[in-house]
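The next block holds one structure in the form of structure tokens; read it before the comments.
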Amino acid sequence: MARPTQKRSRKAGLPPGTPVHIGERKSETTRLMLLHYDEREAVEKRIEDVEECQTFRDRPGVTWINVAGMHDVARLERLGKTLGLHPLVIEDIFSTDQRPKTENYGEYLYIVLKALGNGGGEEIATEQISLILGRNFVVSFLESDSGLFNGVKDRLLKNPAHYVKSGADYLAYALMDTVVDNYFVIFERLGDRIEALQEALIARPEPENLRSLNALKREILYLRKSVWPLREVVSALQRGDSPLVQKGTGLYLRDLYDHTIHVIDTIETYRDMLSGMMDIYLSSLSIRLNEVMKVLTIIATIFMPLSFIVGIYGMNFRYMPELGWRWGYPLVLVVMAAIAGAMLMYFRRKKWI
Amino acid sequence: MARPTQKRSRKAGLPPGTPVHIGERKSETTRLMLLHYDEREAVEKRIEDVEECQTFRDRPGVTWINVAGMHDVARLERLGKTLGLHPLVIEDIFSTDQRPKTENYGEYLYIVLKALGNGGGEEIATEQISLILGRNFVVSFLESDSGLFNGVKDRLLKNPAHYVKSGADYLAYALMDTVVDNYFVIFERLGDRIEALQEALIARPEPENLRSLNALKREILYLRKSVWPLREVVSALQRGDSPLVQKGTGLYLRDLYDHTIHVIDTIETYRDMLSGMMDIYLSSLSIRLNEVMKVLTIIATIFMPLSFIVGIYGMNFRYMPELGWRWGYPLVLVVMAAIAGAMLMYFRRKKWI
Amino acid sequence: MARPTQKRSRKAGLPPGTPVHIGERKSETTRLMLLHYDEREAVEKRIEDVEECQTFRDRPGVTWINVAGMHDVARLERLGKTLGLHPLVIEDIFSTDQRPKTENYGEYLYIVLKALGNGGGEEIATEQISLILGRNFVVSFLESDSGLFNGVKDRLLKNPAHYVKSGADYLAYALMDTVVDNYFVIFERLGDRIEALQEALIARPEPENLRSLNALKREILYLRKSVWPLREVVSALQRGDSPLVQKGTGLYLRDLYDHTIHVIDTIETYRDMLSGMMDIYLSSLSIRLNEVMKVLTIIATIFMPLSFIVGIYGMNFRYMPELGWRWGYPLVLVVMAAIAGAMLMYFRRKKWI
Amino acid sequence: MARPTQKRSRKAGLPPGTPVHIGERKSETTRLMLLHYDEREAVEKRIEDVEECQTFRDRPGVTWINVAGMHDVARLERLGKTLGLHPLVIEDIFSTDQRPKTENYGEYLYIVLKALGNGGGEEIATEQISLILGRNFVVSFLESDSGLFNGVKDRLLKNPAHYVKSGADYLAYALMDTVVDNYFVIFERLGDRIEALQEALIARPEPENLRSLNALKREILYLRKSVWPLREVVSALQRGDSPLVQKGTGLYLRDLYDHTIHVIDTIETYRDMLSGMMDIYLSSLSIRLNEVMKVLTIIATIFMPLSFIVGIYGMNFRYMPELGWRWGYPLVLVVMAAIAGAMLMYFRRKKWI
Amino acid sequence: MARPTQKRSRKAGLPPGTPVHIGERKSETTRLMLLHYDEREAVEKRIEDVEECQTFRDRPGVTWINVAGMHDVARLERLGKTLGLHPLVIEDIFSTDQRPKTENYGEYLYIVLKALGNGGGEEIATEQISLILGRNFVVSFLESDSGLFNGVKDRLLKNPAHYVKSGADYLAYALMDTVVDNYFVIFERLGDRIEALQEALIARPEPENLRSLNALKREILYLRKSVWPLREVVSALQRGDSPLVQKGTGLYLRDLYDHTIHVIDTIETYRDMLSGMMDIYLSSLSIRLNEVMKVLTIIATIFMPLSFIVGIYGMNFRYMPELGWRWGYPLVLVVMAAIAGAMLMYFRRKKWI
């Protein structure tokens, strides 16, 4: 999980509107897929020359262009110009540290989302998804070629009529729904890690656990920033400010809004759980200190009086009658055993041992 | 109390509008009860074939259909279609991890509530209640066959005229009121557990108590999420945005709103109490450490000087006049007793013993 | 101070609108006082039969009915019906765990307040005050016969003309003002207890203090819930949504609003003070531990080296020249005294003693 | 700094509108100054008989009446009546525990501010300033004769034309600006105290520091309550709801609003700093405990093994070959020195010494 | 980073509208640069006499006057008058402790920003940037001659036509964008410091780290106050309340708004990280104490029983058979070695060593 400003600082000093790919190169290639569908059929096509996209714009039906991989700045900039996008939109598509947002450019809506994924290891990776929703087309930009939208594509290829009927905005909704549904899978795994850590903190207060706790906290902080604005985005789309979003799709967006709230609730719950864990850690440390001190106290309390007694009979006074007794030595041993036993009973009664 | 995302992740990848029963199967059977009442009489009937529901729709009076048990997805989906419900509503009825909400579908209102119950053990179980409020009918969906609404049914059967006069919305109110009233019973028991834990934390700071505290905290967090949105729900109904809610029922909903605020206040109070308990726990640990250290210090402070004295007379110097004294040994014993006594008095003055 | 849900749970299962006296019976009797005043005179009358209240309604002037004691449910229900109150109002008057609120029933306003009192011991007792403000009458319901409104009654009997001129709403204001003014007396005493506890916590960190702190915290939490909504109540009245509140009274209500804000500020200040005290308690415990450990360390640091030295000369080596020295023993004693002195000086320089 | 409710409780039981001087008598005398100014000249006059104020009201130009000292209740009540003030305003002027507020009485605005001052010692004293702003006059009430407004008076006497041109509202602004500017002087000194305390807490965690911290916290809490509402006051004046505030003065009030925000920011910063100091204190205590324990552990770790060794050679076994060695004693001494040295090196490597 | 009130207190007692340079003199000289550009060319000119600025006002094209260095109060006051600025604006330009804000003076907008820079050492320095945006001119005031706007100037000189087309408001946007972009560079470095400190706190809990933590906390607090109001400023400009901001620039301001939110998010993240570090520090102290105590306990637990045993055989009883045994001494040594070994195994099993 990268520091928030890490890449953004590279852009300082450049004029506004300069497209620079901010973020790690998550994919080596940049693949463009064009899918046109109408009442009768859906045709998928791989695109090399961005000018091909032009031709589909005035045909009936809906066109979906999916771009996977962001590093081919020149080609994608050309694509943006072909589609008539504002320079700021093109710049934002490349700046993959955007917050989720939706912007109304009249002719089209620009929507930014964050998809979550497990980037190989334990850490949660985020991927920026940019959507352009026009009257009869949707363009989606993904940072990597992860196949996130394959499920939507398959359903669309099977039943294009259903999708055409609902318009381009329903396709945009389906893509967003896929992104949000995927959150639950990631959160499931995150929940496991949090509970494992909590158990570990109660059992063994080690500094590594502290490091894990801090890492988790930061991840949650970061997820929160990725997800909170989503609520505003979906809410804005649902309110129907733009004629590009039809009334029928509004009901589905309301459902998506519910899911988003659900996601936010979950994050807040995790945050609350993590923020309580530091206290658990501190209390575990304190319990452990208590145990160490009890051992010390028990040992000292038993052996100090005994050492004192044997010290007494180590004195060299000439007149110490006990020293001459026949049973002096065994008697002292018995007395000391009695003292030790009494001590142990006292500690047992105090629940120390 | 299940993790928030536990089941929701099962749905990732499915198209929107697919009804999947999310949640544990709380009842093996799915029982449908239809209760029709008008000015003169109320007739209760058990339903097997969901098409029977159709016939009641255009009769005068009010119809209440109660569904207990959610796992028979196919039958209930058919019921939803018979009643003309939107696919998203049907999907939500099965997704038993909804937040409380109300949605206006014009013809009918869709209301989601959470009922609380004690699921056998100490933990609080939640059950999703879905209500469909139409012009002359109410459909209620319960996850289990717990008989939660039996009280309402009995009163209705006794005095159908009163209920008919107030319309279907009054019946919906009565059902919601039953759910909220039931919260107080559950909270009563929760309050007992919190107070018992607080007493235990002050008395004995054991790690199990810490675990109980964490469990309670999480339960409250979860209850909070179940109850907070209720306020919005009742408030929206009371504001009378829908013509399905009559003015007379509005007064009753205002009353219900008061109760909801009362419930939320109680949860917040519990939350405040629990969040203070970690500090109590830490301070109890600290007090206990203090006590352990006092024991150690008292023992060490008494026996170290005494051991030093007996050590002196254990030295083998040739010229040590005391060793030859007749009363040297008793004198040393007396001196040591005096020192021990002085120490004890010092500790008593310091309130350590 | 009762747990918030304690009595409310008794009502679960009853139909809405059932008047049940929730709360402890604070008064054995239920006394009704009717006071009618106009330009010329004010007449006070004790009432036995609630139907007597009817006759005053159409006379010129203002009528004030004061009810002290809530347990005679049947009689008061009859009174409510005589006055034409909605069943929900009657139910709420008996449910003495209401939050402060105001409800507009067109013909009359229903206002709920909480009066504070010292219920014998240290704990703060709350009493629910219900006010019904009509065009030319005010009805006040008190839980006990505490004489809270005697001051208002005396002033009214002396100068009825002044009160008649300002209308029934001014009387209602005067009653509310009495309740709020009384808060300051209670808070004065509460402030004393908080300061005493703070001093005690710094001086002696005992578990009883922790219990007192928790009790105070809970009391403040409870007071807060009693007083916060008051702000909304007075603000709503002052905004003049109801024609029952005249413009002239609005100025007085603005003043009352200021007092309410003052009360809330005070509660928040107390809350802040209490929430800081747990830290004081923990730090006092830590200071005390420090002191205990210093005693132990001083003792150990002085006597361990000395015991080591006497141990050396307790060894039985054949060839230990010092043992044979004439002044060996006194020399060792002097050396040990010097070591002890040096240690003490070291601790004094470290400010430990 | 007085407890918030301390004096207010004296008023409980009195009818509303009774002027009672709440607060300590900060000045023995009550001085009235009347300053009339127009295009040509400004005339200052000391007033004994409050009726003199009447004559200035219909003359052209602006009149400023400054009242220093609040205890002469009777005379000031007469003054209020002469000026036609509402009884509630007169009552509030005397109740010197008001929160800052502004109230619009149509003919005039009533403004309450809090001036800060150093009341002799370290504590910050507050003084209530009441301003009455009429069409062509300003009346200012101060609790004491501190000369707070002398700067304004001097500037006014030098250049009356400038002040007349801007109207009475500009004079009121100038007085308020003086009060707010003065805050910065007080806060400067408060900042010094806070930083000194922080340094002291890190260096020496003494209970007195804890007491200072608590006192500062309470002062900040109190200042906050004095200053926060000011923002609302200035904002309300600036919004120009009243025709008594002219457009030109609005710009100056916007400036004053900025200063008020600046003041509030400063208080919040101080609050944040203070709330972090308790943690510093606790950590300082913990550091100190660590140090004490290190001393103890070092001493014990060095001398316990040594005492054990000398104990061995103090045993009285008949067959202990070492005891008879010629160099046994020096050898043991050397071994013990080596052990002590090794221990010291170990502690040095662990950075304990 | 200066204390918030440090300089502001110098102004107490001065009449409003007096320009006083508050803040340290960050530049010895005051340089004025005038840059006029139209469709064809851009001309840069250094200005000595402020009256020269006058002539450009009615020419077509846009004029940018950049003032670097604030201490020449007289000259800049004259400049302000030449440009027709309100006295309060001139005062605010010199008061370099303003919060970011925008004020609409009809003819022109007054905008205050805070630029961040590294003032030599580690601390972050802030510089106040004042912008005056008129119909066809922009005036920028910088505290120092840092060349912050050189990038904008260079781009403008290269392509004046582009800038003229977008109007003076676009230039103002470009300047603001430069300031905000620069934040990311500073935050990058701040992030490094925070992470280094976190690592240090976990590894070594030294009081110096505590001091660093406090310093960082205060810096963040201060940055927060510099940046938070910026959001309001950009939002107000973007909303297009003033005709001076054209619709086309609004899109760019929306982009700037996004960046500002990004900056605020980053600060809040840093704040969260820092606020968790005190807990880390306390837990590190606790861990260290645990370690110290373990060493002590291990030593005591091993040597106390051994010392007791050697004490036994140091007793002088006449009848102690073991003392006469041939292998008594070696046997005791073996027993003691066994005891020490058992202890060590016990500690190893408890994971103490």
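Note that the chains take the letters A, B, C, D and E in the order they are written out, and that residue 1 is the start of every chain.
Keep in mind that, in the parts below, a contact is a pair of C-beta atoms (placed from the backbone, for glycine too) under 8 Å apart; a residue touches a chain by one contact, two chains touch by 3 or more.
This is a predicted model, so every value here is computed, not measured.
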| item | value |
| --- | --- |
| Those chains which touch chain C and also touch chain A | B |
| Numbering shared by both copies at the chain C-chain B contact, with half separating same from different | different |
| Averaged-CA centre spacing for the pair chain D and chain C, given as whole angstrom | 27 |
| Distance between chain centroids, defined by C-alpha means - chain A, chain D (Å) | 43 |
| Contacts with two or more other chains, residues of chain E listed in rising order | 282, 286, 289, 293, 296, 300, 304, 307, 311, 314-316, 320 |
| Chain contact graph, described as a line, ring, star, complete graph or other shape | ring |
| Chain D residues touching chain E - in the complex, by the definition given at the top | 151, 155, 173-174, 177-178, 181-182, 184-185, 187-188, 191, 195, 198, 202, 251-252, 254-255, 258, 261-262, 265-266, 269, 272-273, 276, 279-280, 282-284, 286-287, 289-290, 293-294, 296-297, 300-301, 304-305, 307-308, 311-312, 314-320, 352 |
| Contact footprint of chain A on chain B as seen in their complex | 3-6, 8-9, 11-16, 86, 88, 91-92, 97-99, 101, 103, 205, 207, 210-211, 214, 217-218, 221-222, 225, 278, 281-282, 285-286, 288-289, 292-293, 295-296, 299-300, 303-304, 306-307, 310-311, 313-316, 320, 322-329, 332 |
